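In the two assemblies presented below, chain A is common to both, partnered first by chain B and then by chain C.
== the complex of A and B ==
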């Protein structure tokens, strides 16, 4: 039962990482660079949700605010920054995204201050199920993560724009000659990424506390999960997040709490040694 | 467009500038104002205290200047913000030392910042007066040159106070939870040493990592040992998450938490129900002393709040007074001469004085002993002081001080 509880705790931890990894992996898959501004965009989403929640007291409105505002921010950043740098090297884009992240974090710090802020939601007693302690909020969190994942899936696999997105992700030149306009695809991509990032930020903010450093500190685990899941694979990102979370928590009886973070990187290392393309990554042909 | 030549020139120029401060720093002995850096946590997790700390440095400097200045020179304060962040703190300290050429840095707050800033002070040969708790700040390498002076209790002393409170409250099965840094572990280890010296046993102890989204497994381990009280070395953000998850677990236990984490912000974040009966421990000012009365008046004037709202502001008030008295006693602002005088003006024996003006007059007749607003301010061999502690209980969303603990 002790280990079952650890697994539950790990799943909760993993869901949050998985949502963040989902945002990272989408950019990775289509725009082909590691977006280091993802963390700070999450923070932005958390603050947007906080404002929505404070103004109306409704979590649905808060979620809407997070999704809407963050999608808009994401699109703005693309239009002002990443679009101008299209075709530059991956390193240039990565460094630029670090800069974007810095800017966001500082602006959030100036506007909202560095004091911690909280979602004032009533605290509820957990559900006890055969000795397992499950927090109702974590069930909601799992539901939100599932909805986000299904949403991303539907967009990618059931809509024309999703098909174009996948085409651009597979082979940009071929997509171009087939008459796909990459501009529209990119706009759709950044809106989708923004929406997912906003949701991830809000969930993280509700689970912990909201401060300007909130998302930045989430970036490394999110990158790890995106790589482990196979770059560009949405399912992989979420499952890898869960796997890392569970591995971390299950390791604590043996290595203690201070070393659990390194365990997730050991798992990452082992998986990549055996399967260099990640859990769900596809082999890329040599062009 | 940057070409290679301009780039090289720029690099060489920067290099020269970085090498220059050792020459530029040869200052201090001359005339003009004595420059002092006020490096406080105006933003970040120290922000509830930072602006008050900075205003009291300014107010105390004003009082010193009104009394004719130290060693005949006025004091000029240059204020900076650490953002309660070591990187930002180091940048600000560099600016203070290299650009402003300050003679001392006063008022760093979190241990992380003080530990990061003190090497710069050691290199520059200027003292750092801080309010941090980490035991590592007492000894080499951090305090290798004896330039660090601590106006707050060490985490070790906090731990001793926690143990006293455990005895007084009749707790039998304490467990500890510590944030994984020098200050957090310092608190719980100090507690363990003191508690075991009293013949007690700590039933479980956990050190946890910062910035986790949940601490449920950590809590589970501690609660499984059925403690009657959990003693923490923690900060506001992690304490908020910990207590929320503990409350949801439904297992009754009491908490003893350092005052910088169990403060009004924590109550605001969690509400009165969760925080009811938490014991918050903080060092208390030297209330009832004449120095405290002067500080209290200055604090009321600057912040529109009683001086008791900010124990750290009383410390920064004392910092300026002690430094100014030591400069007066040394007769110059040369820190090599001033630093040895700090203990001379702060510790017994000598005429007890409570302000710079009083001390300046008394210095003409011999040795003085400054009793401060924050504590009696007697520095031990490590530059540490021993203040008293207050045990505050949270009742109905308010912090109520029940008793004073002396160690």
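== the complex of A and C ==
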């Protein structure tokens, strides 16, 4: 039962990692670089949610603020930075994204200070189910994550712009000669990625404490999950996030809280040794 | 030379990927509902010419006119709207997308649903497997999907880059039979092809490239009988 409880705890953490990994993998798949600003963009989402929540006391408004503000930030960063660097090397874009992350973190530190801030959510009695203790707030967060995931997958698989995004991710040149306008796809991509990152940041902020370093610490697990899921595979990123979240929680009794993050990388190494393209990666997708 | 209206006119086309020109002043004309084979040895500039026409060559000078309009400065994604359909040599389908999605993603197609059904009527095999992932198709099926995707936008000009290169020998004749049908669909076709003899056999005209220039051109049947043409492309599958 003890381990079952750890699995339940790990699933919520895994959803956060999965959402962050989804953002990483979408950018990698379509824009072709590893966006190291993902973690700090999550932090921005957490602060946006915090402001929305403090102003209204409504979690729905907090969610809306996180999604809206982070999507707008993401689009702005694309327009001002990444759009101008289109066609540059993967390394140049990665290094630039590290710089964007640093800038974002510094600005958040200057504006909000380095004090840790908390979401004040009402205390509710936990639900007991067959010996498992489930926090109703976790269930709400899981529901938010599920809605966000369904939304992203609906956009990707059931809308024309989503299909075009997947087409560009699959074969950029063929997309161009098929009349697909790269600019429109990129705008949709960065809005979508911003929204997902905002939700992930809000969830992380609500589960922990909000500080300018919040998302930076989530970047490595997000990258690990994106690679583990098969880089460029949205389904893989989410499932790998869940796997890593559960693996981290299950390892806590053995390695302690401090070292549970390293378990992500042990799992990553083991999977990549057996299946180098990740759990859901396709060979033709690796370019 | 026939009196049909020119669909594609290329004048003094030069260009390449880096500093060195691969195309060294190409001139050619393709007329309405005709097929033109562009042959030549490896490195003669055949595929580079195809890429230049569709806008995938980074550095190009000269003139490319489609239906009388100069498209040299037109961005790649807008060339399809000028009536150009392109089937690349490799990676010619969106492997991660289903057959239907491969057709749905083509931009700017009026009455898209009906056009997709028209493509399935033209390629019944694709219609039967419309939900299958394109990456799971055989070489021949992929080729059909690549043609269907390129035909979605109702092009007036098809540019085919080595359309038989990735096919099993048994499927090559099928591919040429399909290409031979394109004029009946109102499409003029430029084929870049290593199998020069087979390609010339279904073509109206031929241009043999050498060193990025047209070394020999003329009616396809005349070129087929010309030992100089054979000397320029022989050594290839013929």
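Following the convention adopted for this analysis, the second predicted complex is superposed on the first by the 276 of 287 C-alpha atoms of A that agree within 3 Å, B and C clash if a C-alpha of one lies under 4 Å from a C-alpha of the other, contacts with A are read in each partner's own complex, and residues count from 1 in each chain.
Throughout what follows, a contact is a pair of C-beta atoms (placed from the backbone, for glycine too) under 8 Å apart; a residue touches a chain by one contact, two chains touch by 3 or more.
These figures come from a predicted structure and were not determined experimentally.
With chain A as the common reference for superposition, the partners chain B and chain C occupy compatible, non-clashing space. Of the two partner chains, chain B is the only one touched by A:109; chain C is not. Residue contacts after overlaying the shared chain place A:153 against neither chain B nor chain C.
Taking chain B and chain C in turn and counting the residues of chain A each one touches, the greater count comes from B.
Applying the stated contact rule after C-alpha superposition, one finds that A:181 touches chain C and leaves chain B untouched. The superposed model places chain B and chain C at 140 degrees from each other around the C-alpha centre of chain A, with the value given to the nearest 10. In the superposition on chain A, A:173 makes contact with chain C only, not with chain B. Shared-chain residue A:13: touches chain B; no touch with chain C. In the superposition on chain A, contact of A:209 is made with chain B only, not with chain C.
Between chain B and chain C, the minimal CA-CA distance in the chain A superposition rounds to 22 Å. According to the touch criterion, chain A has no shared surface contacted by chain B in one complex and chain C in the other.
The touching residues of chain C, when paired with chain A in their complex, are 54-56, 76-81, 84, 86, 88, 91-97, 101, 104-108, 135, 149, 153. Residues 43-45, 47-48, 83-84, 180, 206-209, 211-214, 216-218, 220-221, 236-237, 240-241, 244, 247-250, 265, 269, 271, 273-274 of chain B touch chain A in their complex. Of all residues in chain A, only 160, 163-164, 166-167, 169-171, 173-182, 282, 284-285 touch chain C in the complex they form.
Those residues of chain A that touch chain B in the shared complex are 5-6, 9-10, 12-13, 16, 109, 113-116, 118, 123-126, 133, 135, 204, 207-209, 211, 217-218, 249, 252, 256-258, 260-261.
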